[in-house]
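The same chain A turns up in both complexes below, where it pairs with chain B and then with chain C.
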Partner chain A sequence: MRMPSSNPRLTGLRGLFQDTRVRSLLWQTAFFAMLVFLFVDAAGNVVEALTKRGMLPSFGFLRLSSGIVVGEKLIEFDGASSNLRAVVVGLLNTLFISALVIAASSLLGLFVVLCRISSNWLVSRLAKAYIEIIRNIPLLMLLLIWYRAFFLQMPGIKSAIMLNKTVTEGGEVGASLILSNRGLFLGWPVPTDRFAVYRYVLAGALAVAVATAAFLSARYRRTGKKSPVVLWSALAFLAVSGIGLLCMSGEPPFRIDVPRLGKFNAKGGLYISSEWFSLFSGLVLYTSAFVAEAFRAGIQGVPKGQLEAARALGIGRLRAMRLVVIPQAKIVAIPPLTSIFLGVAKNTSLGVAIGFPDLFSITGTIINQTGRALEMILLVMAIYLSISLCTSALMNVYNKRVQLVER
Partner chain B sequence: MKTLSDEPGPKTGARGWISRVAGRAVFWARTNLFGSWFDSLLTMATLWVAASIVSRGLLPMAALDWSVIRDNLKLILTGSYPEPQLWRVWIAVLYVSLFGGFSFGGAGGRMPRSLAIVAAAQCFLFLAPISTSSKAYVACGIALQLAGFFSSRLLDARARAWIAGAAWISFLPLSFFLAYGMTGPDGWMPVVATNYWGGLLLTLMISLTSIALSFPLGLLLALGRRSSLVLVRAASTCFIEVVRGVPLITILFIAYLIIPLALPASLNPSVFIRAMIGVIAFHSAYMAENFRGGLQGIPRTQYEAAASLNLSKGKTMVFVILPQVMKRMIPVLVSSFTGTLKDTSLISIIGLLDMIGISSAIVSNPEYMTSSTQVLVFMAAIYFVLCYSISSASYRLEARLGVTTTKAGGL
Partner chain C sequence: MKRIAWVLVLFSVLTVSVFAQPKQGSTLEAVRKRGYLIAGVNSSNAGWAYLKSNGSYEGFEIELAKALATAIFNDPSKVQYRPLTSKERFTALQTGEIDVLIRTATFTLTRDTDLALNFTTPYFYDGQSFLVRKDSGVKTIDDLDGATIAVLTGSTGEITLSDIMAARGLKYKPLLFESLEELKNAFFAGRADAWTSDKSSLAATASSYPNAKDYVTLEATVSKEPLAMAVRHGDDGWYDIVQWTLYALFLGEEKGITSANVDKIKASSKDPEIQAFLGVKDALGQKLGLSPSWAYDVIKKVGNYEEVFNRYLGPGTIFNITRGLSVPWTKGGLLYSPPFK
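Showing the complex of A and B:
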């Protein structure tokens, strides 16, 4: 780098301009002034346009009642609830479906990548075809195919597909599974009044599980003997709660709520709407292909010699995979997985195309109802940004832990 | 995959050939499909799954009435672009065939497989149930492609590179000019406003423009993010991170709803322009991250060597760093084109009639109400063919340029 200040010929005003620090200051001032000018100009135009419509930007409308009807909600919501509550309903839907999609697509992606790296030609080719087809079709297309070409083509409620059909005493037709173009109804356990007693059993089961975990980790510290802590404590929990359930089988704490056919729709049981299921299955299929590719890149990043060395030590193929290859593959696969999982939360916004009330589609409805486009878009962007930041922070923590384990 | 290369072949003639091939096939199946009892079981189970996919999914789908595609093909490909003006779109297609053949000739003809695939695709297009005039255009395209292919072999490599480069760089402005037109309604080339563009034409126009413009913008943003000027760096980083943190659909909504408010009322951009701005802003942020990766891959010594030659910062960038980055970026550019193409499908949500928008329009016609499966599957197939060929081209380009940017190679 040239140092003009040490050059005796360049003094005075010209020398000042040759000074890198002064020049960078000037450039930055000019750049900043341009940005500020553009911003002020744009903001002025926005305010002017909004004044003409008689609504200056404010967030007061969030407290007003929304008058929106939302099909699926995790919290209480009706037309009288506020717009802010509608946003929360959408946010919860987005978070809930994202979490389920991430879990399910990781499992499916793992299965696909196992097929993909299989030495069986047919299995590997089929997995490759699956990955290539899914990755080369837009997600929106996939969702629409699921929704319009699969769920909306299901038979109507009158001729719905039913499993374990029964007729209840009221003359209603019930089944443990009812599939129609309205969506999927499943038989589902609901707590009865005896549940109050069973709650103590559950608390006891939890205590036993915690005690098991504490005992196992204490033994590990004392003797160095390793054991799958989570597995054992989960088994303990299941065992205690299962025995409790058996003891109460005379008056069970749960009963199965069987979905029954109504005139226009079924009712009862667990209801999964066509929209929810289309969005879920479309996202799972789409994400799993990318997850599988990330896993594969990780596995292929591990040198072949590692597996061969493990096999030479007499370790079985599966064990070598689990103990030698996967731990190393994880390190390579985590950064791409982070961006894939970040994408899931963003991709749920495509629910707007099939009418699933996620964060974005509720935002769209509120904009239509109130005309508050600017405020709502700012709000929704802030929410998506914080989701992204939280996810990437979590993944960074996990990444650091994995990287440390390596050493 | 193992093959039997050292198998002795004492028999000659047709029978010998048959037995050799059969022996090889049996050996191949034994090693790749029936290696162990578990493998055999897996193969049988997979065959069963594949058979049920074919019999339950593909066969019933093939048995559907596909006439909806034939009747609406023009709508799917070009939207409501006026019929008498379609020759302009065809000219752009012919231009691509001519220079596609030309660039292919430059590749030295070492790709017999891709050549065969392209030829088969064109024969299929020619035989498909399309109008006679379209068939004439397809035939013309094949002829031009052959002409381009053979004429490029007559030229030396330098001239070929120059002509191909100039042709591809001028393709986008030329196709815009062709599609938009220049004269009044009675002239020889009347203006076709962008709200008449639709279908695949709209998708391709928006994604090509977005790639072409987000490339330089992304480079600027990436350089801004690495700049020593604090304000420039902060502004670039802020833009990139905000855009990457939110879904594309929110960016499109900003473009759709806020841009008309933020611009002076006299300047009312069409939905097409707004969508374009949104898509470009979105992709330039992602492109900037690609460039940042490319810039980080350049060793420090390159900067130091340039500085020791007394090159200024600007000259170092233009003559030393960027040429190396560009070489790495070509495959990335090609493969990010598939992403752009797929993302562009979202413009249907703000009301533009790209392929997905058109599909809703077709299905809302009572005559085709039950045909949504056919329409959607056909469109998905178009997307697949486009994206798959582009991504395999990018792998090949990567191999030819001797750079690896993606880790996932073939098994």
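Showing the complex of A and C:
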């Protein structure tokens, strides 16, 4: 290789500059310096401007009591709790609904894609219509339609739909299911005093289930004999806990808490608000259409010959799907699924439009009450970013595991 | 290499434009130079400030902005309205996006200090109450134990609600909405038992609803909601202009000067304060950096407080809002203008 510096016409500074490596290093340094300057300058300006306006960020307000009341919460919270706790309440609401949406939309998406790739013309077209319609409606519209046109149109609490209506001794009207535009109240088992004993039975049942699973997987490794591990361990758990329940004398460890109509709302039992359910169902519908398409991309990415070969070996269509096609389809489907799941946590922020107290909604309240817009927006950005990065990391780990290992 | 050079040029331009130092100088100068005032307002509060289908703004608060534009430019139309949600409003003012905030903002100590704002004297003394269905049997706040209560997020009402319910040991379920539209939809569909807000807003909204007579506002007023205009800290001259323009509206009503009789009064009045007020003698306007006839212009082109109020909220309108304490001190109210001397 002829070095540029050895050329007599290209010595000195000029020659140095004509060396591609030196030149690219120079440009990169200049570019980097520019970026650093930009960042420092911008940050300096922001701080200076904010100081001038008395808006300098400080997070001390997070420890002050919030004075707000949240309608739906997974942990204890009242007006005396701190702003930080309010953020946590919102975060938990967001995470809880996101997790359920991801699980439910995966199942629904799987069902839709099975219809979509079905050889039945009608079923396949219906699935296609579903995907195209849902995918092309803005999510906010979907939520508003669901909330306004469906939930708000249900009968009021006074004329609610009730199942197994009963009147208690106190003259209260109860039912195992109360459906109104307030949402759904369901009879729900709650632990009684006897639960303190019963929980040892449950722990024992869990131990038996784990042991079953361990035994079955050990046997698989030893003999290669496959068996439905999850099914057997679930059965073991149910059997032990059921026998325990029958053997216990006296008061049962659970009692069904029946929702009763109060003056304004029903109380007791499990309560699913219209807002929660609107957001949940809207998100599940919307996400499932995308999930179905990601699955379809995966399934169609598997060469047709694979399925044909499996069928030729006498393997049934469903078994061939499960053992041959889906393991290979997963590899293709996971990266797009990751992006879809990342979107879910962010999309829950639209709950603010229909009155669901998610992270974003509660943040808005705190901003209004404290005026600390900049701090809260930064905090919320950081939280959403962390949620996304965690989801992404989890999906990457899974992706690595299912990836074909080339040897 | 050429491409990289372009990138560098682009970045330097960005540095200069985006990260340039915030401009110095008085707000009045900036407004004059721009040629119009930028006012932060509501766009969906019927009677107070709302966007009409033809794209223009109307309402009591809009008239206040027009009065301010008249004081500066002698032209009520020199205003650009910025529709803001209650969540955005203070940030918009702090960052200098608007010159003045006239958006049913309650004057509180925290907002005055923590947000580095200056509030004028209140232009309306409001108070929070509850709207309920007549057939719900709710007469007092104590009847609301266990109720679902709809409230707009981002309002002082949200805090007041939790405070008064806590003070009385009452339980309730809040239902928070960001937009008034969604709140109204849910409330009138029976999703909530009560809706809490300032009395004026409740009256204004309920009256525009077809089954208005099925609903009633509770007697009790549970909070003080002095609605005031706000400007940023650090420009006292600008604050004076906003404050004294409001006083001009107050004094107009107090002295009975209306847009109809202002010319006659200007020509004939012997009252030295009225003479100073209308710029006949003592060019008071110049002390504010305005024209000598600024107050005359405001009364002539916009009207006094009573005229402005009656135009959008008074007895002739569907809202017919009770003025309560928002009448001149001479009639036992709290509207009191310091002397124009």
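We take it that the second predicted complex is superposed on the first by the 345 of 407 C-alpha atoms of A that agree within 3 Å, B and C clash if a C-alpha of one lies under 4 Å from a C-alpha of the other, contacts with A are read in each partner's own complex, and residues count from 1 in each chain.
Note that a residue touches a chain if its C-beta (ideal position, glycine included) is under 8 Å from a C-beta of that chain, and two chains touch if they have at least 3 such contacts.
What you are looking at is a predicted structure, and each value in this text was computed from that prediction instead of being measured.
Once the two complexes are laid over each other on the shared chain, residue contacts for A:49 go to chain B and to chain C alike.
Shared-chain residue A:31: touches chain B and chain C both.
After overlaying the two complexes on the shared chain, residue contacts for A:262 are found with chain C alone; chain B is out of touch. By the touch criterion defined above, A:81 lies against neither chain B nor chain C after alignment on the C-alpha atoms of chain A. By the touch criterion defined above, A:140 reaches chain B but does not reach chain C.
By the touch criterion stated above, A:148 is placed in contact with chain B and with chain C alike. Once the two complexes are overlaid on the shared chain, A:94 sits clear of chain B and of chain C alike. In the superposed model, A:354 lies in contact with chain C only, and not with chain B.
Once chain A of one complex is fitted onto chain A of the other, the partner contacts of A:278 are absent, as it touches neither chain B nor chain C.
27, 31, 42, 45, 49, 144, 148, 152-153, 352-353, 364, 367, 373-374 are the residues of chain A that lie in the contact sets of both chain B and chain C, per the superposition on chain A. Only residues 1, 32-33, 35, 39, 42-43, 46-47, 49-50, 228-232, 235, 242, 244-250, 253-254, 257-258, 260-265, 307, 310, 338, 341-343, 345-346, 348-349, 356, 359, 363, 372-373, 376-377, 379-380, 383-384, 387-388, 391, 406-409, 411 of chain B touch chain A when the two sit together in their complex. Across the interface of their complex, chain C is touched by residues 23, 27, 30-31, 34, 37-38, 41-42, 45, 48-49, 52-55, 67-71, 78-79, 144, 148, 152-153, 156-157, 181-182, 262-265, 267, 274-275, 352-355, 357, 361, 364-365, 367-371, 373-374 of chain A. Taken in their complex, chain C has these residues touching chain A: 1, 4, 7-8, 11, 14-15, 18-22, 86-87, 90-91, 94-95, 110-111, 114-116, 144-148, 150, 153-155, 158-159, 161-163, 165-166, 172-179, 182-183, 185-186, 189-191, 193, 232-234.
Only residues 1-2, 24, 27-28, 31-32, 35, 42-43, 45-46, 49-50, 116-124, 126, 132-133, 135-142, 144-145, 148-149, 152-153, 293, 296-297, 300-301, 332, 346-347, 349-350, 352-353, 360, 364, 367, 373-374, 377, 380-381, 384-385, 388-389 of chain A touch chain B when the two sit together in their complex.
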